[in-house]
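Data first, discussion second: the structure below is written as structure tokens.
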Amino acid sequence: MVASAELLRTLYTAVLSDVMDEMGYPNQACRPFMRPLDETTSFVGRARTGLYSNAYSVLEGENPYELEIRLIDDLKPGDVPVFACGGPTHRMAPWGELLTTAAMARGAVACVTDGLVRDVRHIRALKFPVFHGGIGPLDSKGRCRMIEMDRTIECGGVMISAGDTIFGDVDGVVVIPQAIADEVFRRALDKAARETHTRDELRAGRLLIEVYEKYGVL
Amino acid sequence: MVASAELLRTLYTAVLSDVMDEMGYPNQACRPFMRPLDETTSFVGRARTGLYSNAYSVLEGENPYELEIRLIDDLKPGDVPVFACGGPTHRMAPWGELLTTAAMARGAVACVTDGLVRDVRHIRALKFPVFHGGIGPLDSKGRCRMIEMDRTIECGGVMISAGDTIFGDVDGVVVIPQAIADEVFRRALDKAARETHTRDELRAGRLLIEVYEKYGVL
Amino acid sequence: MVASAELLRTLYTAVLSDVMDEMGYPNQACRPFMRPLDETTSFVGRARTGLYSNAYSVLEGENPYELEIRLIDDLKPGDVPVFACGGPTHRMAPWGELLTTAAMARGAVACVTDGLVRDVRHIRALKFPVFHGGIGPLDSKGRCRMIEMDRTIECGGVMISAGDTIFGDVDGVVVIPQAIADEVFRRALDKAARETHTRDELRAGRLLIEVYEKYGVL
Amino acid sequence: MVASAELLRTLYTAVLSDVMDEMGYPNQACRPFMRPLDETTSFVGRARTGLYSNAYSVLEGENPYELEIRLIDDLKPGDVPVFACGGPTHRMAPWGELLTTAAMARGAVACVTDGLVRDVRHIRALKFPVFHGGIGPLDSKGRCRMIEMDRTIECGGVMISAGDTIFGDVDGVVVIPQAIADEVFRRALDKAARETHTRDELRAGRLLIEVYEKYGVL
Amino acid sequence: MVASAELLRTLYTAVLSDVMDEMGYPNQACRPFMRPLDETTSFVGRARTGLYSNAYSVLEGENPYELEIRLIDDLKPGDVPVFACGGPTHRMAPWGELLTTAAMARGAVACVTDGLVRDVRHIRALKFPVFHGGIGPLDSKGRCRMIEMDRTIECGGVMISAGDTIFGDVDGVVVIPQAIADEVFRRALDKAARETHTRDELRAGRLLIEVYEKYGVL
Amino acid sequence: MVASAELLRTLYTAVLSDVMDEMGYPNQACRPFMRPLDETTSFVGRARTGLYSNAYSVLEGENPYELEIRLIDDLKPGDVPVFACGGPTHRMAPWGELLTTAAMARGAVACVTDGLVRDVRHIRALKFPVFHGGIGPLDSKGRCRMIEMDRTIECGGVMISAGDTIFGDVDGVVVIPQAIADEVFRRALDKAARETHTRDELRAGRLLIEVYEKYGVL
């Protein structure tokens, strides 16, 4: 596989999405409500999945962060925690500064969640890419709880398994299933190289119909 | 009509909206979910309308961009493509860098859509004003399709016909029906000139009730 | 009570929310759709509440801004007008530049609303903190109207009474009921001081589980 | 005007909606979430409008039902109280058995609201037509409050003024502005008489295209 | 406590809701989207709570119904399983004929859920009261899973603990916290007895204002 | 294939959904907002698909019903028109009495749409099964328009192609792709026969866990 830095310099979510469309995978882009905390950040990494459920109580002696802690402490360099909250409901607040700091210490390259994030000033200062479903000051304790780790989840409308490749930039987040990752990247690098022609001819003032008929794509 | 550059320097969506309220046109502002890609951009131009429908298949030999290409290639200087997607659903992704490049080459001054836009880094670099319903990496192919061109549409909750004037700034987008455009601009220039008084007196510390009783408006 | 400037320098909505969670007040943070106009602003002040209703007509001789004007003209230094619109519906547009100017002249320190705001370029230039439910060019006249002043309201999902303390920063807005304000600030200052340890140990590379077991909190 | 009983026997909301479409009034049908409590009931009457606002407190000595009582006690035979709640939110619960009983005693012929209704078993037993936005056990006290009486409102997406004619049956509710009521009923009676032909030919097995070409309508 | 049959004959959700409003418990009625499968059924019983989470996979050897089976098999006469699904999302399908049959065999008197139910023809034939968030043919397996039993949950917007009394009829569902149940029923029986007067006087044609001034309530 | 009457007597949407779940087709049930007009009706037939788009104008000489008429007139015995409106928005009103009458004359066995239906009293009298997204008095003319016929669509969240089998009963609607229809029906008939055992044992009072362990299913 091409190095991450190279992929990030050359590729982008739009070309990856187009390539997966062609290959018969049209549902690999997270819904548009999920946005980067910092629009200048991008990332590519390996998904580590966590499923969150609503929670309404914390029992005596119970550690409400148990599974969350286990997943974060087990992160490997290049991992991306992906926390599925079933959408941006106001109880689902899984991410903040402390998890950011701990994840960075393990070598994680980003966090993706359809839930809420807090401490955003500190996270932005750390330049850690976080793609989220909303911003709020809430703690997860007594509101939600990770109940599954590294199993298949749905986040922002996309099915994601641990080990899938996940890529994010200012246009959003795409998920590349493990089994097709090599082909997706090969095709995308190829397509990205060719796209410059279309753009250049359009800039030169050619009509869209001429360019479309010449290259057969837009 | 006053030149566009002059209108952009002097007017703004709020005063245009107020003037149309007074004239009995209260529903001319697109819903607040439609936002500028770049909050420093503004525009005024002539609407060229496209209606989008969901699409779920592309037949052999079919050009899914047919009408879209026709509209873009037919843009005249000062035109604003307005693409109606029925709201920010995740399938509706009509705009991106290539259409931006092609539209700029024809002299278009902005794009307005209640659907999604992609390639936003490049579009921002081009300083082309795009007012949109959301951001995502998706192509329109196999997801949606322009089915009508230059007919009356509804975009962001406002009815728009080809030839209407459309104005956008950081506060949003307003649509000025062709038949009343001259009067709207005349009244708005007049009202904008007078508004400074109210503001100045409030800054000087006068009570709101005094200012309201003196000028009869807020 | 500690001075506002000191509170703003030391505290933040997340720690205030955590402390109120501990004290049995879990529903004190406005919903995440409410965002600051300018993410670098923050504020703490005393709530002055206004309840808005839809309006569909303005009768001859009626002043549609009556109660709004009365509340703004009655603002005291340190006050925060909190305008409850029942959520970010497109008719609810209570705030703009003129109210900002008038409120600043009285010494108000921010505005909080779950409705819409306009004239955002001017408001940002004035550096007045506005936390809002959306941006749009509309006037309130003929769309909505303040019908109650200084009574208990719900704004962004939180019950707020006149006299409650309200605090906003980039993570959102929290409401601190008057009766518990002293204890909340005392606890929050204490907790904020201790949080540095957790963060420092995580930065040094310790596992989350070790830090959690040592401090009993995250 | 034709007698109500005759109108109810001959006309229906679909034909009234079609006629108003033809006359350039396409937005006269309440949104489909508004349904009859009893699908066998229908009504035609004169709208008496009430606007509701959220309420969060009841002050000492305040009568929270003041305007509501005034409107109900002022109902005339043939009147239809139309209570606008801004949609089916769970706080808006304006109607129940007592208001039904009082309204029937004054000669009212139906109630229309986009808010909630309770005591539905008793209301159904009374055969009083109620078209509503939902069912729930809540009282309005401390949740919502009528703040305007007999002014123009929006209910279920339609603008309604006191004195407009309102018609409801199993297909929904349509509002007929006072100024066009006579023409609407004349055209509708005419159209209803002619519609039988189309239906009869279709039942006899003719193709839709033949019937459409013969009558020019569907 | 008064016998259930007596309570069901004399009381109803509206009077219970009113009494809890007076006692300072205004949020005890489930949201109006929750409706009875059969509007002629009503029930009162003891809540047994289950919390559901989305699920996207079933592992080899895993029993996806484990906790659900445990709760159903542990039901006691008079119990009401209350299954919290976080609202009527299409994945949440916890109830059907088999659970109905098993619950009836244990003596349960109803089921309450904000999720979906299937096999509704059979359930109606059994006359078992089910109050639900929607109807659909789906199995829960691979879509959702009970993850907590007999802990505090939120169902249809109301917090419910195991042991709370829950009451349902055609107007909806109300939850009566265990600690106040005796007082609620005592007050409600008293209030229900007095309500006849108001109704009788209104039927006799008295004005609402007269009745309100005489009894001080509506 | 087994005769339709036999399938309708023996099968039901829940067992068909379960069988398709097992075969790896979990997304074949329309969303629960789609309900039968008459809960006693059920049907099985061959899908004939129509895609609807919003429409805002009717041009001089244009037949707004063109494609709709063509599809209805082309229906064969056993066909089910399936009209995709992109959800229950208030503009999408494709079905009513005339289309019902015309479709019955051609031998169609049901209509399925996620849009609105009108003339429901007459349709119910005809005992024609209609599964719909809502009820309203509106005509489609000037509001929506069929733009594609017999191509793949999405209706109520399910992808449907012309020729797929579609089955509806009181629990909802399921879509059986053409390629797997034979196996689905074979498996479903088999499973339906075995389900009686589970039910009988539960009725006899056995615990759910015993039944689950014996049969391995619920």
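Observations on the model:
In order of appearance the chains are A, B, C, D, E and F, and numbering begins at 1 in each one.
In this text, a contact is a pair of C-beta atoms (placed from the backbone, for glycine too) under 8 Å apart; a residue touches a chain by one contact, two chains touch by 3 or more.
These numbers were taken from a predicted model, which means no experiment stands behind them.
Shared contacts of chain A and chain D, meaning chains that touch the two of them, come down to C, E. Centroid distances built from C-alpha atoms place D farthest away from chain A.
The greater number of contacting C-beta pairs, out of the two interfaces A-E and E-F, is seen for E-F. For chain B, the chain with the farthest CA centroid is E.
Mean C-alpha positions place chain A and chain C at a centre distance of 31 Å.
Per-chain Cα centroids separate chain B from chain D by 36 Å. In terms of their C-alpha centroids, the spacing between chain C and chain F amounts to 49 Å. Of all possible chain pairings, those that touch are A-B, A-C, A-E, B-C, B-F, C-D, D-E, D-F, E-F.
Against chain E, in their complex, chain D makes its touches with residues 63, 65, 69-70, 72-73, 88, 90, 96-99, 101-102, 105, 116, 118-121, 134-139, 141-143. Put simply, chain B touches chain F in their complex at residues 51, 53-54, 56-57, 59, 84, 86, 89, 147, 151-154, 159. Of all residues in chain C, only 12-14, 16-18, 21, 26, 29, 31-33, 35, 157, 169-172, 174, 198-199, 202-209, 211-212, 218 touch chain A in the complex they form.
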